[in-house]
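Both of the next two complexes hold chain A, though its partner changes from chain B to chain C.
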Partner chain A sequence: MYVLGWRGVIREFFRYKSGVVGFALLMFLVGLAIFAPLLAPEPIFYNWYVPTYWSQQTLPKAAPPEWINSFSDKKFAVRQVLDPINSYESPSAYNFTFIYNYQYDIPTYDIYFEIDSSIANNSKMLMLVDLIRPDGNKIVRLIDLKIDQPFVRISLRSLEESIRKIFGFGLAYESEETRKNITERGLLKVLNPMNVIFSSTGEGIVFGKTKPLKGRYQFNVVIFKINPSNKVNQIKMIVTGSVYGLLGTDALGRDLFGGVVWGSRIALIIGLGVAILSTLIGVVYGTISAYVGGWVDEALQRIQEFVISIPVLPILLIMAYVLSPTVWNLIFLLVIFSWPGPVKTIRSMALQIREQLYVLSAKAIGLSTWRVITRYILPQILPYTFALVAFSVPGAILTEAGVSFLLGSQGTLEVTWGRILNDAEKYSAVLTGMWWWVIPPGLMIALAGLAFVLVGNALDRVLNPRLIR
Partner chain B sequence: MGLAKYVSYRVVNALIILFFVLLITAFLMNKYMEDTIKTDIENRIQQEVYRNPKYARLSTEQKEQIAAQKRAFYYAKYGLDQPYIIRVLYRAYDAMTFNFGKAVTLRSSSGSSYVTDIILEALPRTILLFTTATIINIILGIFLGMKAASNIGSLLDRSISTFAMFTYSLPMWWTGILFILLFSYMLNLFPSGGMISVPPPSGIMHYVDILWHMALPLITIVFVSFGGWAYMTRSIVTNVLTEDFVITAKAKGVPERKILYGHVLRTASPPIVTSIVLSILGSLSGAIITEAVFSWPGIGRLYWMAISSGDMPVVLGLVYITTFLYVFAVLILDLVYGLLDPRVKVGTV
Partner chain C sequence: MGSVVDVTEGMFFPDEKNVMVVRDLSKYFPVRRGLSDVILRRPARFVRAVDHIDLDIPEGKILSLVGESGCGKTTTGMTLIRLYDPTSGSIFFEPKEETLDKLKREVGNLDIYNGYIDIAKLPAKYVKFLRTDMQIIFQDPYSSLNPTYRIYDILEEPLKVHGIGESEDERRDMVLKALEEVKLVPAEDIAARFPHMLSGGQRQRVAIARALLLNPKFIVADEPIAMIDVSLRAEILLSLMELRDKHKITILFITHDLTIANNISDYIAVMYLGKIVEIGTPDEIVNNPLHPYTKALIKAIPIPDPSMRNKLKDIWIKGEVPSAVNIPSGCRFHPRCMDYEFHPEIQERCRNEEPKLIEVEKGHYAACWLY
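On to the complex of A and B.
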């Protein structure tokens, strides 16, 4: 390194393919971590485990990513926010007409109505929605609801009365046997009402087995004022679609892209934090052990061997119950168990440097042990520690992910890749084929590890004197 | 250090670790167990005093007096009146004799609620899976590593190094999830989890069925770890290959295979054993989680279930028993190392 100088090191580093690829991956990750607030709004991070926040976001649940439509022959409905194409106010009521043009194969997850109104105290309005399908069939009073708050968000799927009405419409086309079977076995709860609305009539409509019915769906909304001073300011219809964003949503309707992006920040903080701290401790420890020698060396070596043979995971699990599970505590615990890693290598390097002439002369002129170590030996070892840091990041990230995966809600409070995978496992995402919930977080863990391994590999070849040929 | 000194040092080291984990376990277990015993006692007092028709006519104060007496009696019975240190020592003794009390909700398949029974039932399954995986890994890793080392720079050598680098950063358990997604959800080749079909087949098919369930977890563990083992063997063997005795053997005309598997492997085996110990240490946590992912009903699955249902006695029992086994396994491998490395016998290490 002193032969090459900083510029030389950088030039040498990029001569290796692994250096270039590793650096590119690393920049990608660091970019994600730094620009997380721009890529995914901050409330996503703070409210990841707040169900009420996610129920307000009107996202479809368990929805695959949007780009799946380019690869699949069955098209998924996309998210649409509709304004009324027609509105009419009479002294007693409002009339709104929404037209939803459905040209897909897999219907939307849910339909929301958002109503912003001014309501007099202790008064109510009455909302009725009729649906006219493209084939001319009608579902009258699909929604029949009282509005008593200035802002309401109505989810069609959460209205039991509406769901009963939808299935009532569908069951009329089923055979007597199926009808009996379904009601007796209580199957209605597991069937998707949206399939009934958006499928053509015929046997099998309640299971969504008939052809999708494409065309214009007209929603006629009537809101009765009841009190003349009540006013509707704005009304919107939100079709959630059945695909969402870059990485889709999970079973609770959380935007997985947000989770993966914010998870990169935590992963990098933990990975780098643990790697830097434990390498620093290991380097100083190994150097002192080698330089001082004698019984101190013996004792320090025994302590290191002791710590390195403690199994990390069981201890970490049990500690998580004792300490509060914050990111900082996790870093602290991981450092306690990972500092012995580099000690042996550093010690053998320091043993060689100790015998160098300039160190001996420094000792001879009476410099203190501490001064010799910090001014004469450590600077020689320091360049190599960059590679050591890079090599110990993947281990830290993997352990963190494993602990988060195993501990779930008892692990760190922040959203991490491991916790997203824990949720996926709890909701058996694999068995329901929700690959978009499982692949991205794990791939990020693997990529983060790979980035540091590649960088470490290139650094090692440039900086480790033993490998230079 | 002679062999005797080496062995005794290793044994003492193992004992210290066990003692350390024992203390933590005892400390945590004490708090938890006392809490459960206390709520248990309060429930009993409710039953025996406040809801007892015999005492129905007594005044509240009289009832409280009787309750206090009963409480003192039960506290003495369960040793809760002893000083704190003594109580913790009791728990340490409990843990040492593998007496972890009863589980809260988990049961063994025979219906026992004793933590020891539950863990002992799961243990052989874990050992079955991981010994098989380790044996495959050792054979595959050493064989490929030797092949690569004897042909440095060949296609095999380069692909092993690249593959090892990729799998080094791959979480084993996530690879397991991926394999389930691919092989059992999409291709429907293997079962997605568990150890045996329901209902279990009889006769020889019973074992075939277990093997069929074991295939996917086994493939996962081997896929993620054998690259690293091969790479490690490769670097150790490459170093040995440059030594004088190898050149001498070559000059004498000893066949290549014999040099490689006779002379070189003999010399390279002590450091390979050390590395095996280290990589088993490193993969333990991944392996535990991998088992949980595959619903393989062993220790790892038990960890997952105990943690998600908050069954503290089982968690504590598991922590202690896994540490125990782990330290024991490391000790055995260390002793093997001592036997393999001639320098230990002479006392130069």
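On to the complex of A and C.
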């Protein structure tokens, strides 16, 4: 066996295309994992499964990614945060005017008002919003609400009274029959009120079937002080838009880009952790088995064959369910089942090396078994274990994804690609055409697997003594 | 205890003091049995690589063990220094005094026969104490050195393992001195290299230097020149002879080449299929071979005479070496023996009874029913 230095190994490695591509993919994944806090704020990771956090984020729900506007001829409304263009304070009330210039085909998911105010104890303010559409139609008292807290975030879609008003406006344009149909069958709940606001008048407005009404939408907000010491410090109108970010949002309004980015961290930790630990165990196990030989070898091989023939997934699911399903427990469980993977290969390599004369001459010098294994056999196998590690990462990542997917909320507490897919399945993302919820995490799992397989292939060619040309 | 003393005195070389006396030594390797063999309860089979041999190894001499490949000579060498555990028999060996002291301290019930111990019965965990006394030089210098070690580390390792040398510096001096002794100069330069940066001859000398560093009294040289360029062979042979003459080291020289054995050794033992068939001085073995196998070996030596080149040599042997698993009955050489053909009167004996080594002429032993 000839010896390549580290530099030689690196040079050889990059002579293979698969090595270059695999390395690039790997660097991409590692970059995602390392720079996750810069790419997506940390609270996304900690609060992925905290609904209250996501309701505060005022993100559209089930929104496709922003860049879809470049490919689709129907334009989606984008997120806008508007300040009042006009504000006027009288002794009894505030007047604010917001202008929203709507030039899209698909309306925003929701509209929020954020009001930061100072309110005297046990007092309240009254907020009224009138909407003037570009076609001159008005929806008076679109919002009619009491404000009794210093900070409120009002979601238009969550106000039942407002929705009734919006549909009332829309239904006026529908035929008698449709109106009856809708009210009797309670269809209003499944219709999108935003379609009514942002569509031109005519039959079909409540279904959003009329043309989109483009132009300036004016929201006149009046806040009555009631108690003269009450004050509005700031008011903002947030148009969530109907697209969001690089990868869109899921049905709960979570930023999928953040989930995918942070998921790469978990995937790499689990993948590399399991691969390194199990390969290490497998290598030592296989080497000892080969070198010691005899009945020890027999016994160790039978144990290995027993463990490797256990159907892993069902047992993993049960054990992950019983143990508290942290990432570390999952790594531990995966290692328990994946260490036998490299044993046979390593054993056969060690058997070959064991028969080398220099091992016999080491014995002739009087070296202990332990020293022969650690100094003579393992150093020869070590380079190849890098290839083995690379090969066993995809399996670990896939199994983790599988376990997370199947266990869902009973699985890991952290956001992983598998759990994102589990959520997607739960909300039937595929059936409702929410491809951005399914493809990115699925693709990332595939890419991570591909990266390590390519790197492993190149390393294998460079380091596996039987493949060295 | 009289009989025991007799055993260690040896039986082949009455004028010599023996460093090692081998009696009835066997080394069998089990043939792996398949499942069907186990189910059908076929008896376990063995490769009888070394089959009940007797041998004396005289101190400070070179004894050559000659035989064709596969006859068990390498196995014999490895078993003698306990690289293999013998199947049965005794190997009486006289260790260095300090080694004997160490063994006395470590081993609970050590039987000592007149300064000799039976290393065949020594438990495996104590065998490492013998390493300072007996060493081996392998045939293939290309694979006998750890490719991941530098020459310096290869040579320093035996010292470290046996706690020889007080300090790093002292060990360094010993290593460099050993390299100079086998004429690998500049020693500093050689020590920094990896094995693959040396030629075959140089590597073999590294292997000799490593064996010497532990200051052994007995070295097994297993065909040390077989894989070395012809031009460098003489040098290796000369350094082996120097070991004998300068350091009084006993050498068991294993070779298939009777001419080399004739040139360097004091005694020759001829081996056939796990059995020693003839023992004597080189002079007697070459000029007056007794065993038909030895005769065949000598007839096979090419004669450097151009006038002979058109003559077919008559070959004094037939057939192929039988497998060591199925050894022929009686004299194991009889299926290939030419004398067997010409002596019908002993044929039945040859087929059924195994001949013993007997002193045919003074100091010349052979195992054949002809005598």
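Definition applied: the second predicted complex is superposed on the first by the 467 of 469 C-alpha atoms of A that agree within 3 Å, B and C clash if a C-alpha of one lies under 4 Å from a C-alpha of the other, contacts with A are read in each partner's own complex, and residues count from 1 in each chain.
Here is the rule we use: contacts are C-beta pairs under 8 Å (C-beta built on N, C-alpha and C of every residue); 3 or more make two chains touch, one makes a residue touch a chain.
Values in this document were obtained by computation on a predicted structure and should not be read as measured data.
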| item | value |
| --- | --- |
| Partner touching more residues of chain A, whether chain B or chain C | B |
| Contacts of A:Lys211 with chain B and chain C, given as first, second, both or neither | neither |
| Chain B versus chain C as contact partner of A:Ile445, first or second or both or neither | first |
| Touching partner for A:Arg164 - first (chain B), second (chain C), both, neither | neither |
| First (chain B), second (chain C), both or neither touched by A:Gln410 | first |
| Contacts of A:Tyr358 with chain B and chain C, given as first, second, both or neither | second |
| Chain A-facing residues of chain B, complex | 13-14, 16-17, 20-21, 24-25, 28, 165-166, 168-171, 173-175, 177-178, 180-181, 185-186, 192, 281-282, 284-286, 288-289, 292-293, 303-304, 307-308, 312, 315-316, 318-319, 322-323, 326-327, 330 |
| Interfacial residue positions of chain C with respect to chain A in the complex | 78, 81, 83, 127-129, 131-132, 135-136, 138, 140, 143-148, 157-158, 161-162, 194, 196, 207, 210, 214 |
| Contacting residues of chain A [partner chain C, same complex] | 1-3, 356-358, 360-368, 371, 375-376, 379-380 |
| List of chain A residues in touch with chain B within their complex | 18, 302, 305-306, 308-315, 317-318, 321-322, 394-395, 398-399, 401-403, 405-408, 410, 421, 424-426, 430-431, 433, 435, 438-439, 442, 445-450, 452-454, 457 |
